[in-house]
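Okay, so subunit A shows up in both of these, paired with subunit B first and subunit C after.
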Partner chain A sequence: MALWSATQSVGSDRSARTGIRRRQLSDRAIQWLFIAPTLILLVAMNIFPLFYSLFLSFTNYSAISAAAPVWVGLGNYQHILSDKQLWTYFATTGRYAVAAVGLETLLGFGLAMLLREKFRASGFITTLILVPMMLSPVVVGLFWKLIFNPQSGIFNYLLGFAAGQGPDWLKDPKLALWAVVIVDVWMWAPFVMLLCLSGLNAIPEYLYEAAVIDRASPWFQFWRITLPQVAPLLLIAVLFRTIEAFKAFDLVMGLTGGGPGDATELIAVNLYRIAFPPQFQTGLGSALAYIILVLIVAISNLYIRSLSRIRGEV
Partner chain B sequence: MKKLALLLVLLMVLPLAACGPAATTPPAAQPTTAPAVKELTIMWAQWDPADYLQKIGQLYEQETGIKVTVIQEPWGSFYNRVAAEWAAHGTAFDMVVGDSQWLGQAATQGHYLELTDFLKSEGIDKTVTEATLTYYGEYPTGSGRYWAYPTEGDAVGWAYRKDLFENPEEKAAFKAKYGYDLDVPKTWEQLYQIAEFFTRPDKGLYGVAIYTQKDYDGITMGFENVFFSWGADWKDPKTNEVKGWVNSPQAVEALEFYRKLYAFAPPGSSNDFFAECNNHFTAGEVAMAMNYFAFFPALSNPATNPYASVTGFFAVPAGPTGQRFAALGGQGLSINAYISPERQEAAKNFIRWFAREDIQRKWAEFGGYTCNKAVLASDAFLKAQPYNPAFADTMQVVKDFWNVPVYGQLLEVVQRELQAYVVGGQGTAKEVLDRIAEEHDKILRQAGLIK
Partner chain C sequence: MEKSQRRQRAPIVEAIRVDKISGGTRLVQAIRIVLAVVYAALSLIPVLWIGMTAFKSRPDATAVPPKVFFKPTLEGFVSLLTDRAILLEARRQELLQHLDELPWYQRLMVQQGMEVTGPSQYVGRLKNSMIIAGVSTVAAVVLGLLAAYAFSRFPVPGKGDLLFFILSTRMLPPVVVTIPIFLMYRRLGLHDTHIGLILLYTVFNLSFSVWLMKGFLDEIPREYEEAALVDGYTRLQAFFKVVLPNSLSGLAATTVFCLIFAWNEYAFALMLTTDKARTAPPSITTMLGRGGIEWASIAAGSLGFLIPVVLVTFALRKYLLRGVTFGAIRQ
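Moving on to the complex of A and B:
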């Protein structure tokens, strides 16, 4: 009995002390306790590298050099903006982005329209269509290399060419970029389809019923109901794919390595060559990365403005 | 209180006790029987030769009690890992088996310990072939300053299908067409004709597999065999001037030749390097394949090459004026400049031991490509592997790309321009080489390498 009461008294004493301690922590302190780990990680992994790389972009720093960064002002930016070769890579990236994103949008939206209608095994077919976007881009690049082989690949065969008679897609500078576009569309049109499909499924059925009562044509229904309703999601898909197109690297490296010559040398691929082996020009690479970042932010802003206009927010 | 006083006294006395004897004992009196350094680490890429070096390390441990560990890093991240250590002045490895192209950067930035006096005083410099000492160890070229011990010799050679070359019907048809016997080519012109002869797309057979890859140094390493053999060079060896050298008439001819040769490569060869060249060969698609000797063990192994029993090897053929050069691969063993003097000494001891002829013989037996002159010339070595005679021959005629700190920028220009012309068929050889000369000149002037 004595032991029980002693234990009770110790227990109540402890809880009282804990209670006091808890009371000492304000709500704001507890909030900070929860937020702090995330904030620390964010600062360490994102904010600091962002500003540090901005600083490096004004220096001649090389990550493998023992020498400290030397301030060169706008030298790196000047070098990039006056380098014709880099402008060629920007132009190639632009062409690639327009072609790939354009085709992905058309194909993805078309597939979504088809799969919107439920039919037998439509779920299974939807899953099958989604498989390419789940694969590793490097692996996709490597096996499409075999598919494009003019002697043994299936691509030319499907186009109706006999073995060895069709074009060599990865060797011809005029076709190589299209080869990369085709593979990117194959891989990412399902992503656009997925977003469009969710947009299409969210359109209330009564809108179409009202349109039918008003004897609206199928084209009118598509133009005035379907497209405006899906547009926000479609634009988000286009935004994501455009950003990805400017960052395209692994697929190109697996498929063409940037060649032949500079036919498929996208800006992200060249950024890798500048910033990593064998050049390791970290300062110049950082400056190029910032130029790409500004470009992506500018393009994203255009999309976001369009999105706001569609939603009637502007 | 007593305890505290005792502690204070001890704290005052202990440092004195520690310093006293050391200050009075001469260095020579220190025990030398037990080595102070108990283990050494060597950084290398992840491939078979690194395993062979680990075996060598085990022999060293048996002899000296010093454990040697070879850290293997995948090729893709090998340079990054080493470069990160350099940047941090790290001591994660005592020695590194580094690429010849790293020499300039590592030497000028102080990452490698200079080995000139060590290699010369020990006579080690005389044990390896001159070309390997120059290209694996010397920086600047021709300066007589050495930074690495030539360890894994490697260069571009050729594999060929003996069953095709020795087939009587093929021999007769070849002689009827070209007027001389079908045999291992002695000149590039003969190699071209043999490639042309065996190119039969209807039968899925092609003449050659050659390097065409744009990434890193693929196509440059392939082209260099022709470029150097035609008498061309990347620079004036005295002044580093490139204009008139890179785009010399010989260089133009050599590039035109390499493009003509590419016409006899199998379809889909637009981005080929060592793996792809071996793949074409083992798939029976080509009569001849260019590759580094380091990748030939796979071609003489029946488990990886169904044509292994009928695979032969030959060294790079001669150009129009009889000159013969092979593009250099391989690496030299260097000491990390950031480790302690004691460890540097231990690393030198390892190199001194490793450079011994009997150990180099072991190295070759395990599968390493020795650069030791005596071993290369020995009968045992020449008969050990079917590709060894060609290797020993090639090691006398190797030549390399730039190894200055800006070699990466120089290489990127060459890779881009060569691939556009050879694979993409864009422009003329003269235009391409003029552009390379122009850009190289700009890069080298900015780097202060051309006055």
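Moving on to the complex of A and C:
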């Protein structure tokens, strides 16, 4: 394109040349004019912080001290990798992620199957189901605290326990993580539903028509048509939710604050404690953030690989 | 009995689909609808509970066992919107004597042994939220639309890589960028400013916005613009007069998603603001501090905070449900 406009400009017909040139130039100008703001913003706000925090992860910097960062090499990483406590938090995060994402997937997919066929007010019902997603996670955490309260909460009440008789969801170390999972599923199953719903809507009708002609059972249709066709979107939903599970912060802060003890101390919550008040160990926090990032990238890659495998097969 | 009746009636329905004959009779569909409605109802209980708590008096909010029926009061809203001081006995008696002359909210609080001293910060925080979420959503959607248009229509060099770069910024966990952004903002004087949070939320929504909008723009036939160009429109005119009107549903869907994120964001707002630019989510939690939890006023605050985004989502729900379809398939 550039070459073509260059040869044009050598031409002798002045008016035609400028006319064409203006069109060409303006198209390319528009192209970059349209893209540049986005790229500049993304680079400025992402690339710099990324490299800067990589640098900080090798220092003992603290955001509240006036001292300049001092290079400590791999010290921070060594510290983290040998800290047994942190590995417990990683394990808790893993259990939380598996339970929450698993249940969200089942529930979200089930809901999408229910809402698949349009009925009167199905759009309205679908949007109603989305409402929990619109709440602020921190507000959600706070209110579920009230709802889970064994005395005055409505959760045990609805489960049929008399006041004070039911389990104390947030104070019992065995139940606290499940309480967080319940809230997370309540809030985000609709998200999985929404993605599955769009996947289901996109399945071409002729696949089912062909299956019916072949007298395939509904069971067979589900396993051989519906599930493989929805799988890519389902995986994207699962990928997003898994990443979120490792970033989970506001919900847990509002709900349990990591307690009781450290039963719900997820890794992102602990990261906050290290990097921000009360500890303000910026260098150490950066190193931990990088370890989390590597973990997320690795997990994402696993998902993306199976995603492309599914896509290749279908 | 009823089951067999339904089965007999099923074949008469004209609009029946092929895949419905095998799996989904009308009975199955009825069961599906019932289950979906039951789920919707159950999942709305906590939201409803927030709404109810907002109108409860302080003892009612934490009554044992939980109170489903109660006498509604506006105490929660009054204490949400005002700053109050605890009354000394002498002052209380004095105010009680003039009770009828006091405004209704003052009367309500005097009965609680408190006096309204002035408006609270809630409205200001809500205003901050509106400015920050509104501007950043508009910015993310507009920038996303422009970039998506360029990626959709022009042979941008390195298109695939650029698009992947844009997407990958979404994969970054915010925890990684929080610390440097915190430091960067402190140095640049963006800490606790509207523009700082607006920038941040815009960037966090941009990648999503670009990808979703590209999905929509790809759906609009190029022939529309080409016809306009032949008719003597410039590229920009064609963009504004042909492409823009056709991408409205995409814009709506993108807007809702960006708005939900920016509106509810908590962690950055907590770390990057202290007072001037503080949004509502972190301030709702700080209401916890003052001697015991004032559930009613927290509920009132949450309710006031939830309503705008629900209204926007319901207003745009047709586009939202369509929009996801387009955007997701493209990925």
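Basically, the second predicted complex is superposed on the first by the 271 of 314 C-alpha atoms of A that agree within 3 Å, B and C clash if a C-alpha of one lies under 4 Å from a C-alpha of the other, contacts with A are read in each partner's own complex, and residues count from 1 in each chain.
Rule of thumb we're sticking to: a residue touches a chain if its C-beta (ideal position, glycine included) is under 8 Å from a C-beta of that chain, and two chains touch if they have at least 3 such contacts.
Everything numeric in this text was worked out from a predicted model, so none of it was measured.
In the superposition on chain A, A:40 contacts neither subunit B nor subunit C. Of the two partner chains placed around the shared chain by superposition, neither subunit B nor subunit C is touched by A:106. In the superposition on chain A, contact is made by A:173 with subunit B only, not with subunit C.
Judged by the touch definition given at the top, the superposed model places A:31 against subunit C, while subunit B stays out of reach. In the superposed model, A:294 makes contact with neither subunit B nor subunit C.
By the touch criterion stated above, A:74 is placed in contact with neither subunit B nor subunit C.
Considering which of subunit B and subunit C touches more of subunit A, the answer is C.
Contacts of A:258 after superposition: subunit B is touched, whereas subunit C is not reached. By the touch criterion stated above, A:63 is placed in contact with subunit B and with subunit C alike.
Shared-chain residue A:98: touches no atom of subunit B or subunit C.
Shared interface residues of subunit A, touching subunit B in one complex and subunit C in the other, are 63, 146, 149, 151-153, 164, 276. Across the complex, subunit A meets subunit B through its residues 63-67, 145-146, 148-153, 164, 168, 170-173, 176, 253, 256-263, 265, 273, 276-281. Contacts from subunit C toward subunit A in the complex involve residues 17-24, 29, 32-33, 35-37, 39-40, 43-47, 49-50, 53, 61-66, 143-144, 146-147, 149-151, 154-156, 162, 165-166, 169, 171-184, 199-200, 202-203, 206-207, 210, 234-236, 239, 260, 263-264, 266-267, 271, 281-282, 284-285, 288, 295, 298-299, 302, 305-306, 309-310, 313-314, 317-318, 320-321, 324-325, 328-329, 331.
By the touch criterion given at the top, residues 79-80, 83-84, 86-87, 89, 101, 105, 109-111, 201, 204, 213-217, 266-268, 270-271, 407-409, 411-412, 416-417, 419-421, 423-426 of subunit B touch subunit A in their complex. Taken in their complex, subunit A has these residues touching subunit C: 1, 23, 26-28, 30-35, 37-39, 41-42, 45-46, 48-50, 52-53, 56, 63, 111, 113-117, 119, 122-140, 142-144, 146-147, 149, 151-154, 157-158, 162-164, 186, 190, 194-195, 197-199, 201-202, 205, 208-209, 211-212, 216-218, 221, 233, 236, 243, 246-247, 249-250, 254, 268, 271-272, 275-276, 282, 285-286, 289-290, 292-293, 296-297, 300.
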